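What follows is a pair of complexes built around subunit A, which joins subunit B in one and subunit C in the other.
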Partner chain A sequence: MAHLFDANLVRLLCSCGLMKPITGIYFCRHCVKLRCSNCVSHELDMRYCPNCLENMPAPEARLKKNRCGNCFDCPSCGQSLSTRLSIQSPDPEQPSRSIQRKLYFLSCSGCRWTSRDVNIPDQTVATGGWPEQEPPNKERILSLLEHYRAVALRDKMDRERKKQAAARVKKSPASFLRSGDAGADKLSSVSSSLASAKKSLAAINTYAHKGDTPLTSQLTPAEASEEVEGLPDDIFTEPVVLAQVCSVEQRLRSPEQQPSQSSSLYPLHKHMLVKRSLRCRHCEHNLSKPEYNPSSIKFKIQLGAYYHVPDVRLVRPVPLSVGQEARVELSLCNPTPHLMPLALLPFLPHLTTAHIDAGVTASSPGPRFIEVPTESCLPELCTSVTLPQGQLLLAPRDDTAEYGDADAHNSFKDDPQVVTWRRANKVGVTVCVTPEAVTDALYIGFLLRYDYTNNMISASSGLSSVGPVSLGPSADLSSLGSGPPSGPSSLTPSVESRTVTLNVPVIIKLGAVSASASESTA
Partner chain B sequence: MAKQLDPSVCNVTVAAGATVCLEGDFIGEITIGARTVVHPKARIIAEAGPIIIGEGNLIEEQAQIINRRPEGSDDSIQRTLNIGHNNVFEVDCLVEAESIGDNNVFEAKSRVGRGVTVSRGCVVGSLCTLTCPQVLAENSVVYGSDHLRRHQHERPVVQALQLEFLNKVLPNFHYLVKPKKKSAPAAAVPSS
Partner chain C sequence: MPLYESISSLTLHDEKHTTVIFDFGSAYTKVGFAGETGPRAIVASVVECPDTGNNVPVFESSDPQILRRRITLFILKIYIRCLLVNPKERRIVVVENLLGSSIIKETIACVLFRHFEMVSVSFVPSHLVALLTLGVETGLVVDIGYSEASVIPVFGGVAILNAWQALPLGAKAMQMSLKALLEERSSVIGEDGEATSLQDSDLQLLTSQRLEDILVRCCFVSTPERSERLHQNKADRSNEPPPPPPDVLYPLSGERTLKISGTVREMAAEVLFETDADNLCLPSIILDAINKCPVDVRREMTANLVVVGGTAAMLGLKKRLLQELRLQSTRGDMAPYTFKLHKPPVPDNCVTWLGGCLLGSTEAGLAPRSVTREQYLAACKSNAPMPDWSSLVYNTQHDPRAPA
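Right after this comes the complex of A and B.
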């Protein structure tokens, strides 16, 4: 059963040329194209702490190094630390402490690290108040930051001064010309040029004052030395106790401190997470936008391909051997509430990739480059694949179907050569594959051509001027383009329904091919 | 009316104050100390010799404590598995250790094989497996999928409240193994 849910077996070819499972693909309803994480722009909506689910505005997050102030991770194993309560009973030896006190300490449920292990005193309040470690290089880093901020400021002023000077050179001949023409203006123009000269002089003075002198005096340059601190004397005599030495992961978890002994591990502030929204780079519409509330896992907009593209799944894995025809059964599922005519066409990679390139250059003005990584290279596809011929209809998704009678599918006049079974909005089809060579993983590819009914709010109808488009290799299925009568939702006046024919390349990984038929049966 | 353990299979000696549910699997010579709680579906199998369990131990559901004979060894050699006080055997752990001290925790689904000597205050984390013969140093913790080890300063706290609660609750819903009366012989416990 695992193959049914292994999303990586069946992958779709995104419009950018990357292969992704349907769960990793978005469908832009405005461009009517597939988009994936590679070809959308990612926008940061908010930062929040995954433990206390509090959101943090950007400036505060920058100050706190994108970490939560109240939640901690275990420095030993990385799990979240929980606050534990211990009740300190009255101590007969210390008469000053005669009442019960609540004391809090941090404890890890994974590796049982506690803040008491490193002698952090228990706190009397449940949250906050934990001592912070000063980074050892804090002073130096702060002075460096200050220095380079000053350098940046000086550079900026230099640039401005040059700009001003250039502007003055351009302006001054004109002003002199003008002053020669009209004597009355002469005095005023001279005074104005004097004033500007004075201003620039003053400006130069201020640069010299602010920028040059204090900069050099503030920063003490780093000194390189050949002398390296020697190893401690006992390094060769004392046995190493691994339980007391930090692992590399533990050291790098706190880059400021890099503790070498596990006795100096300090609780780590928890990293913030972000909620991000995705935007189509071509039409700038949102493809995914989460709700703002950190504790909500819902989306305001979620245009996952899962809701718009028929879901193709491998029904069961088949044994493959060279030269022997195998019948691969696929299931196709219609996720939309519209009737969906559908056909499987041969996939010709060179035609599709050419189309992808053309599409990207045509519809992306400006610097919106979409890089196609080298990993997008299509795998070698099996050439001898017999796809089911002709067109089949996928029933609309109906949530009540599973409670109704099972005979509803009689209304479809299915060609038994094409459709092997039909259940609600799913059909099964068989693809015949004849492997040609021994390989670890055999891939087949086909073009899923289907009619997609797009419902758009008519307010944005200007954008959705997408007629029936015919992409990819032209086929004999011209009847597909006309599409079925629009769904019932087209009756409402505010919604505009359009049907377009889409071609989605699907690549399926079938598994290993054994040497020959006789071997596999033996 | 009350069910009895099969005296031909096991001989369970329970100290007063222990809560040992009758539904558990008991095989061989087993001694259970005071304040120890054994859940209904725990398995305690003393195949290669007696198992002596101390006081205040908590043996949870499906925990297995087995004194197993090494394969192909002589049947006549007896080996006693001593378990100290205040240990916790969490759900579905399998313990075949050589000996166990005090205040140890065997977390859920942990496995401790033969030849492992568990000293005091040790924690074997969830799904951690110890198979090689070794001595777990005091207060050591084995945790995580990589079986990392660390040394903790304090021993795990005693589950006193939990034991007290189970002592109160379990008798209401389960038959218990009763402490033997000193006068009565082992095989003829009167069914009161």
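Right after this comes the complex of A and C.
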């Protein structure tokens, strides 16, 4: 039964050209197109600590380098550290003091590392006050930063001065007339450029950040030395205790210190996590937006394809052998509350890619819109596939259907050649596949053409029922008909309901093809 | 809520101006923000392959499409897991190896501009910016990374490009050498306490990560005298080898323990100093680079050696390198130079990142060196989006002899 839930067996072709399972695809209702994580823009909504579920505003996060102030990770194994309490018994040397003191230390329940291992003193308050580690050579790096800031500023001023001087010489007609006494002209231009430099200097000084960017920064350059630290003396005699030498992972957890001995490990502040929202690049509408609360796993907006695109699943895996026709049973499920006419059409990759390209040029993007390059990752598709002919209707999704009498299938006049079974909003269809060669994985593809009823709450009332819009790859394939009657326009004028015909390419991985089975049975 | 509004608008303004610094390496990528003293994170340059679910190296693909997809996933992962800021509308500094592949550079630019809509991207040469961290303008920069070691002399802030040297000597070469040595000279202790030679199943357990771990935790670079005696012993077993350092028991799996012999610990890094078929090794390419420099600058080069890159942090490597340089320079017909080494203010693997950070921290310094999105999109039509020193189009532009 695992194949029913293996999302990677049945994949949809996104509008950007990538194949993704239906769980990894979004459906933009405004562009009426499939989108995936490759072709949407990701935005970070909020940061929160995964341990205390406290959310942290952006300025604070920047100040604390995206780390939680209260929670710690084990520097040795990466688990969360817990605060432990130890009661200090009265000092034996001073029996007169009988007050017990509570002391706290950090301990890892995973690898038994404690803050006492590295001689961090116990704290008297549970919430912290743990000593922080300063990056080595911090002063030097900050002075370097200051220095290069000043150098760059000086550079910029020099450039501007040159530009101004050049412009002045070009502009003034007098410079042409007095070209004979170039010396005087040069002098005047120099002096004037000096004046302008002074002016710009003053301007910078007033706007400079707290005025602490001096224009002349003196930095002592580093001195090279003839001697470097070599091997420790005892390396050829002392055995290595692996537990005392940090692994690469442990070192890189604190990039600025990179401790090499486990005795210099230090508790790490817990790194924050983010909630992110996704936005369609074309229409700038949100495709997914989580709720603001860190402990909530719900979404405010979630336009996953599994709410809007019929779900195709492989009912059971079939043994495949070369030259022998196999009947592959698929189930189709309608997730929308509307009647859905549907047909399976042969999938012609070159037509679809042309369609993608046409869509790119046809859509009128904004001025600052940049197209993500289209991908092409289609596998080799089996060519001899017989798809069920004709159109079939999928009943609307009805959550009460499984409690009532299942006589819904009577109302549909199904062609038994096409529909093998029908239950509530699902139908089963059979696809005949004749593999041609031995492969590890046989892929079949088809175009799922269905009528999608889009309910959108629009601000402008009045315009409502719109006829079918064909988004098909080629014009000769006529649309499936008008579909269900469009939403009653008189009842709710604010809800715009329109039916469009969509084509979604579906690629199914069928499994390995064996060679000799046909001969052995024949 | 006027108070909150003012705060949020302020931070939005500030946040947009924080430049992000990337230093993509073939094994580890360093990322962080401008104006800080060190990178925020050092992450392995691997992404999960969407098709197979295995971790695959990001930059090891020659197919531009696969490369682009991996880099996109990787940068997205960095933004979501490490940087936690909106990727859009930012200035970026990418520290690049001058000798790196142009396909990777073009693809990074494409991903940053098209997928993440950055304001501007600036590619800065890693060897050049490494000197910024020292406050000097002249030096011979040796970058020993994962896949290769490259040497570029820099004089007065200008790279002497015709003196470049590179060899595929780095952590990767050491890992391969270590694996061969382990196979030859080490044993595995099984559940029953019996020591046997390495089986195929044990070799499968020696993944790149594990070899790296063994190199970092157990191995070191030996002294020249011991190395000489080891090599003599290797050539002729009658020569007495130096007393080996103690063995290390390294757990491979639940029941298998690798016994790393002391000789392996000290021999693994010898690959950097053994001459190859072209008679080249790490010290010799450094001397070659010095010899290719103009004669007036050679003395300054030898007095300002800068060794950077993750592999340079190996125990004893810098000392051995200096000793070998002094030794080999006396053998040839070189003038007697004094060799001096700089000590950067940050760990060796972050030096080039810090250099990019120093350059990216200032708007005035960054703006003239970056390519904006508009420029990139306009240049895309002319089929040469990113300026590249190896392209004649950009080299003849400022040449006074070239026709305008």
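The working rule: the second predicted complex is superposed on the first by the 391 of 522 C-alpha atoms of A that agree within 3 Å, B and C clash if a C-alpha of one lies under 4 Å from a C-alpha of the other, contacts with A are read in each partner's own complex, and residues count from 1 in each chain.
Methods note: contacts are C-beta pairs under 8 Å (C-beta built on N, C-alpha and C of every residue); 3 or more make two chains touch, one makes a residue touch a chain.
These numbers come from a predicted model, not from an experiment.
Undergrad: Is A:L242 touching anything from subunit B or subunit C once the two structures are fitted on A? First, second, both or neither.
TA: Both partners, subunit B and subunit C.
Undergrad: Which partner does A:K509 contact after superposing on A: first (subunit B), second (subunit C), both, neither?
TA: So A:K509 meets neither subunit B nor subunit C here.
Undergrad: Give the label of whichever partner, subunit B or subunit C, reaches more residues of subunit A.
TA: Of the two chains, more subunit A residues are contacted by C.
Undergrad: In the overlay, answer first, second, both or neither for which of subunit B and subunit C A:S76 touches.
TA: A:S76 sits against subunit B, while subunit C stays out of touch.
Undergrad: Check the residue A:S41 against both partner chains and state whether it touches subunit B (first), subunit C (second), both, or neither.
TA: Touch status of A:S41: second partner only.
Undergrad: Contact-wise, after the overlay, does A:S262 reach subunit B, subunit C, both or neither (first, second, both, neither)?
TA: first
Undergrad: Can A:A61 be said to touch subunit B (first), subunit C (second), both, or neither?
TA: A:A61 contacts subunit C only, not subunit B.
Undergrad: Looking at the overlay, what does A:D117 touch: subunit B (first), subunit C (second), both, or neither?
TA: A:D117: touches subunit B, not subunit C.
Undergrad: Kindly list the residues of subunit A that each of subunit B and subunit C touches, one partner per complex.
TA: 242, 247
Undergrad: Contact residues on subunit A for subunit C in the complex?
TA: Subunit A reaches subunit C through residues 37-38, 41-44, 47, 57-59, 61-62, 65-66, 135-138, 140-142, 144-145, 147-149, 151-153, 155-156, 159, 219-226, 228-231, 235-240, 242, 245-248, 251-252, 255-256, 258, 271-272, 274, 276, 370-373, 375-377.
Undergrad: State the interface residues of subunit C toward subunit A in the complex, per the touch definition above.
TA: 7-8, 10-12, 14-15, 18, 28, 30, 32, 35-43, 65, 68-69, 72, 76, 79-80, 82-88, 110, 113-115, 117, 132-136, 212-213, 216-218, 220-223, 243, 245-250, 303-305, 313, 315-316, 318-319, 322, 338-347, 349-350, 354, 358-359, 361-366, 368, 373, 377
Undergrad: If we count contacts the way the header does, which residues on subunit B are in touch with subunit A in the complex?
TA: Listed in rising order, the residues of subunit B that touch subunit A are 123, 125, 140-141, 143-144, 148-154, 156.
Undergrad: What part of subunit A is in contact with subunit B in the complex they form?
TA: Result: residues 76-77, 110-114, 116-117, 241-244, 247, 262 of subunit A touch subunit B.
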